[in-house]
Amino acid sequence: MQFDLTKPQKLLQESARTLFRRRCSMGRVRELMESDSAHDPELWQEFVDQGWTGLVFPEEVDGLDLGMVELAALMEVMGEFCVPGPFLNHLSASVVLNELRNHDLARARLREAIAGESRIVVALHETESRWGLNGVRLALRREAGRITLEGSKSRVSGAVEADWILAAVRDDEELAVVLIPANQEGVTVKATPAIDPTRPMGEIHFDGVLITEDHVLGRGEAALGAFTRWLQVGTVMTCADLVGGMQWVLDATVEYAKSREQFGRPIGSYQMIQEQCADMLLWVESSRSAAYYAAWALDEGDPDTGRALSMAKAYCSDAGREVGNRGVQVHGGIGFTWEHDLHLYYKRAKASELLYGDATFHRELLAKLILDE
Amino acid sequence: MDLRLTPGECEFRDQFRAWLSENLPEEPKLEGQESDPDYWEGLRSWQRKLSEGGWAGVSWPKAYGGRGATPIEESIYLGELAASKAPERVGVIGEGLVGPTIIAAGTEEQKSTFLPRILDGSHIWCQGFSEPNSGSDVASLSTKAVLEGDEYVVNGQKIWTSFAQIADWCLLLVRTDFDAPKHRGISCLLVDMKSEGVSVRPLRQMSGDSGFNEVFFTNVRVPVRYLLGELNEGWKITITALMNERANLGSGLYMMFKATFDELVLRAKELTRDGVSLAEDPINRQKIAQSFLELELFRVNSNRALSQISQNATPGPEGSILKLYWSEMNQRLVKTAMEVLGDEAQMESFDHGKWIYRYLRSRGNTIEAGTSEIQRNIIAQRVLGLARSY
Amino acid sequence: MQFDLTKPQKLLQESARTLFRRRCSMGRVRELMESDSAHDPELWQEFVDQGWTGLVFPEEVDGLDLGMVELAALMEVMGEFCVPGPFLNHLSASVVLNELRNHDLARARLREAIAGESRIVVALHETESRWGLNGVRLALRREAGRITLEGSKSRVSGAVEADWILAAVRDDEELAVVLIPANQEGVTVKATPAIDPTRPMGEIHFDGVLITEDHVLGRGEAALGAFTRWLQVGTVMTCADLVGGMQWVLDATVEYAKSREQFGRPIGSYQMIQEQCADMLLWVESSRSAAYYAAWALDEGDPDTGRALSMAKAYCSDAGREVGNRGVQVHGGIGFTWEHDLHLYYKRAKASELLYGDATFHRELLAKLILDE
Amino acid sequence: MDLRLTPGECEFRDQFRAWLSENLPEEPKLEGQESDPDYWEGLRSWQRKLSEGGWAGVSWPKAYGGRGATPIEESIYLGELAASKAPERVGVIGEGLVGPTIIAAGTEEQKSTFLPRILDGSHIWCQGFSEPNSGSDVASLSTKAVLEGDEYVVNGQKIWTSFAQIADWCLLLVRTDFDAPKHRGISCLLVDMKSEGVSVRPLRQMSGDSGFNEVFFTNVRVPVRYLLGELNEGWKITITALMNERANLGSGLYMMFKATFDELVLRAKELTRDGVSLAEDPINRQKIAQSFLELELFRVNSNRALSQISQNATPGPEGSILKLYWSEMNQRLVKTAMEVLGDEAQMESFDHGKWIYRYLRSRGNTIEAGTSEIQRNIIAQRVLGLARSY
């Protein structure tokens, strides 16, 4: 049993840190988050050059064929630097294509996605639906030999500037994956600003959009399998991103507690501050354990994968919020200012809390596994 | 024990309600457009209106233009203001903090100069206490005032100063004795914000708005007649004032939190998830009920504290208990709202981003006006009599 | 508006304290709790002499005709001294008789109860039923002109040594109150020890017990009203008892924190200890506010009574447990010993947490009032 | 990263499992009847059996009769013991604390005298560290030892001493230099519990049982050859031993908590409220799921810590993080159990009062073996590098 990252995994993290130190300073993050998509084409090209867009995909589609642990390791660093833009959603969406890569169109789009030529997004959510696939009601209309789509998807993280949309729809009651070019007639993508400006949300409207049969990449079991894998990979990525963010908050907070003096000594020497920092450490380290355990289990196809994923997401969601709360509290007034970078991490953690299902959602999934079998 | 209002308290409430119903501005709650001068002019004119109606400085002695209201009446007053969605009182620092301090420690000249102008809204005040390096440890402040002839020359920086961007005057704590123990070398100056050398910089918060400011003082000259109280006695004067202020927040705050709660209930009943109302979800129901009981208990706790304060003229550390209660309660309330309302609450377009604002803003609750750590210290040491912690 | 206790209310508390100091030391509490009923006949007689058994009942039945605030004030002191025995249950059961006092038998029993000649208990719970009246399934059997009762009631606090049982039963689907002498043929009362030895529980079996028509004291609306009042009064009493217990725990803890030294100074000078004590104070005082507010509202017939009661019980239940937890923690090892009195309060609070419904139960009642109207 | 057991670790586990399946006593888990001498004899004979099979002191070096197991293997060992519901190891203090300390600091005579007898269960050990006035501040201990000829004369009192009522020997911390700073005047003695002047009094806990003892030492004479390590170096010796011990608890504890959790699930599925299964109640489901994830995360956290310890020979403050985690986790777990199971769980007759016992016993978790306050201090100062608090 060996829990540490391997040397290559650590190298992957180090090269990511080097890149972000150079190309993704907090100043740059702040610039990017003012835009609708928070997307930086040059930074994106660096990701592509590093092979990250193909990190977990097979060599046959020019991927690096690495595993979930490597992906988590990379996402942890993205979390540390609060890297803006659609990488998380692009990569998890690529997973859908990869699952369906026997379909020629899917494979072609996957290659493009890996090569950085296009950006992909999964559109699942509809108004007032939960995470999970049960809330999908948007349906293909088949009439007189034509297939059309009419309706909306909302809260699509990474929607703005996506080139391809993978919409979760019903096709004659069955779940289906439909590939739609974002620039097709009848498709409108609107930025819908939300709490986290580093990973902006959008709304997608389909106004009588024409679908050709071969753009229905999969349905039934195949669609279910592809979207389930998307949820799983997205969950791991979100947890790892949260871990990196929490680590940044902890480090910044401890640093501040050491240097800030009140009543003649560093505030970090007060027990009420020490207590908060100690709890933060406990949460960060436990979140890290949970996130990597989930990554490892998913990679291994471990029978505990479902539990490991829900455990990680439920725990990291709560811990991310609480670490942020303590971080702001220990920083006092300065941690409450726009100037300080803390709030960027704080907001991102709050958004991640809901991404791929919140703690309550995942606890109920766990309850099903524990109590209903 | 009788938790009903007395006939006198009822009359007070009814009078104010009647006055409000006739005098409330058409535009009931001015939205905070801080860059718009009209916004501030509106607030000043509301302050004037209150004053003309005899509804400014309600707790001040009648001799100074007040109404001599009891703490309970003052609480009723604040509750009615909040319930009627009246505009913010731009004179709140003058009325709640500066006025009472001048009444207690000011010269006759200071009283006659400042008190009427506080009431009629022509002097908006801010308070210059916190400094970048003096947060919880306010008494370690380093803004200094040096006597030159009949003027103090002030240099230094203050932070977290509400209303500074429009204030006419500032109640400023400065160090005047550099050798004395830190609490003994502080004096209190009344500073004209239009003086040369005063500059104000708005401080943007994580919630995106600018509720606070930084204020810089560079060779600002303050006539000695604007020294409030004795030289080097500024700490004692202001600490008393601060304790007075803290205890008075009850009803107004309650109404504010109640508005949040009521909107949460409204939205929870309207919104659905996969076809089921949020208000029907048993887990949401537990959370909402818990928020409700904590909120109502804040009201009961406040009333109980007011009733105690009414008996013992000087408020004790009850203020710390209430502050600790409401600050953490509000954080739990908005956390619950964010959890119950979920994705919607995180969208800027939903209720104009109000939930995001409330959520982020609430993080300041346990920091501003004495951190929770400081409140717990005060409770442990001043109420429970535990030894000083170090 | 005036929140303080009046002078007579304070005097009532002081005379109770004087009595308990004399007659109910912790040594005596420990002796009593070794018995099945924790009942002290001599102490009981003192209660009667003070008029406490008739505290809230009208003068026409020889009661003192005082209100719920006085009752709460008395119960607070009982909580402070951890007074053992069936007073809480006897008095709340007497409320049922009082509600039904137009019925001659009820009035007669009520007079006896107030005079201390007999002890009364309400038997509501059945196996695996919740608090509240919906779980009553035990039913009268009417056959050939005879009424009989067959079945059990469990978790009846104060059952042992009760003289009269007020059983909640179904009579032809309607809720009914039946008065049964504990010594009647076919009635068996068994002590069932539980976590709190100061207010022991019992189980009551009815083995073909014959019921005469006039022992059915009320049914339908009348029964519902009487039991509802019983729940309300019991809730107020339990909350006030919790407040008194919490106050004792807080006082003992602060006392200990002042005198116990570690690392050369009183542990009360450490922030981590101060924090726990400050939170305890907050909970105790808030519980006190909640309990008296509920008492006052019930007395006044305030429209908010239902909310006030559920608010008080939910809050005091949680606070009682948490105050106990912090109390033990601050005391350290010594607070974990049998010798120290802390655990008596700790266990009583844990039992009170469930009595008249736990926090979850009352939160759902609140939710009904807030969300379903 | 590979969370599977290595082939070597699998082999270790399989060997022990095979041995257990053949050697486990018929009566799988002896119930704690501490007044019954047979109970203790049973435990001693189990210890002998483990030793004969080569399954005592598994982490000790082979040279001293151990098996040289890695931390992960030791954790596997403890997990298998717990999973098989094997009897308590009466020699746990000897194996886990005393033996390693003697190996590190003992004389050859001490090693040859004590080590084999620890392994074969003929010497049961207890540890005499805490005193009534020295709880968290162990180093302030006042039990003293004065040299008279070639014997130390010991006077004082220890508390919270597990196994003292049947122990043969005690690893005792005493003060031998009364002028030195408190950590520098402490020595470590190996004391025969049958010596004249040693008396033991069981300490009843709030849960009703007596897991701990008080031990009184009155003019107890200890030969100088039973001084362990250098004179006045006792603190350093034992603190190292304690840290070693703390880190080793993972798997055994996990299995214990898991047993609680599994029983909770079982009962929740069986019991109903007004006809609805407790396991179907959405609020119970949330609570149970939360307990589950915290429990499983404890296992993952433990494994990760073991994996780290395996790389850095000396365990660091990971032990404090784990201790803090499991102690508070177990308190939440049993709190959840009490809430979910409700009235039943409060009855002595339900599951033989096991839930009451677990609930009350859990309060000790955040006090024993270093309070949560102390653990947080250690984490803040030794892991995060914050300044010493005072």
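Quick notes
Note that the chains take the letters A, B, C and D in the order they are written out, and that residue 1 is the start of every chain.
By definition in this document, contacts are C-beta pairs under 8 Å (C-beta built on N, C-alpha and C of every residue); 3 or more make two chains touch, one makes a residue touch a chain.
Since the model is a prediction, treat every value here as computed from it, not as a measurement.
Across the two interfaces under comparison, A-B and A-D, the one joined by more C-beta contacts turns out to be A-D.
Compared with chain B, the chain whose C-alpha mean position is the greatest distance off is D. Separating the CA-averaged centres of chain C and chain D is a span of 40 Å. In terms of their C-alpha centroids, the spacing between chain B and chain C amounts to 42 Å.
Looking at chain B, residues 282-283, 286, 373, 376, 389-390 sit in touch with two or more other chains.
Along chain C, residues 270-273, 275, 360 each make contact with two or more other chains. The touching residues of chain A, when paired with chain B in their complex, are 125, 128-130, 134-135, 155, 192-196, 201, 261-264, 270-273, 321, 325, 328-329, 332-333, 335-340, 342-343, 346-347, 350-351, 354, 358, 360.
Those residues of chain A whose C-beta lies close enough to touch chain D in the complex are 1-6, 9, 69, 254, 257-258, 265-266, 268-271, 273-275, 277-279, 281-282, 285-286, 289-290, 292-293, 296-297, 300, 307, 310-311, 314-315, 360, 363-364, 366-367, 370-372. For chain B in complex with chain A, the residues that touch the partner chain are 130, 133-137, 140, 159-160, 203-206, 208, 271-274, 283, 331, 335, 338-339, 342-344, 346-349, 356, 359-360, 363-364, 366-368, 371-373, 376, 389. The touching residues of chain C, counted against chain A in their complex, run 270-272, 275. For chain B in complex with chain C, the touching residues are 1-6, 9, 72, 265, 268-269, 279, 282, 285-286, 288-290, 292-294, 296-297, 300-301, 303-304, 306-308, 311, 321, 324-325, 373, 375-377, 379-381, 383-390.
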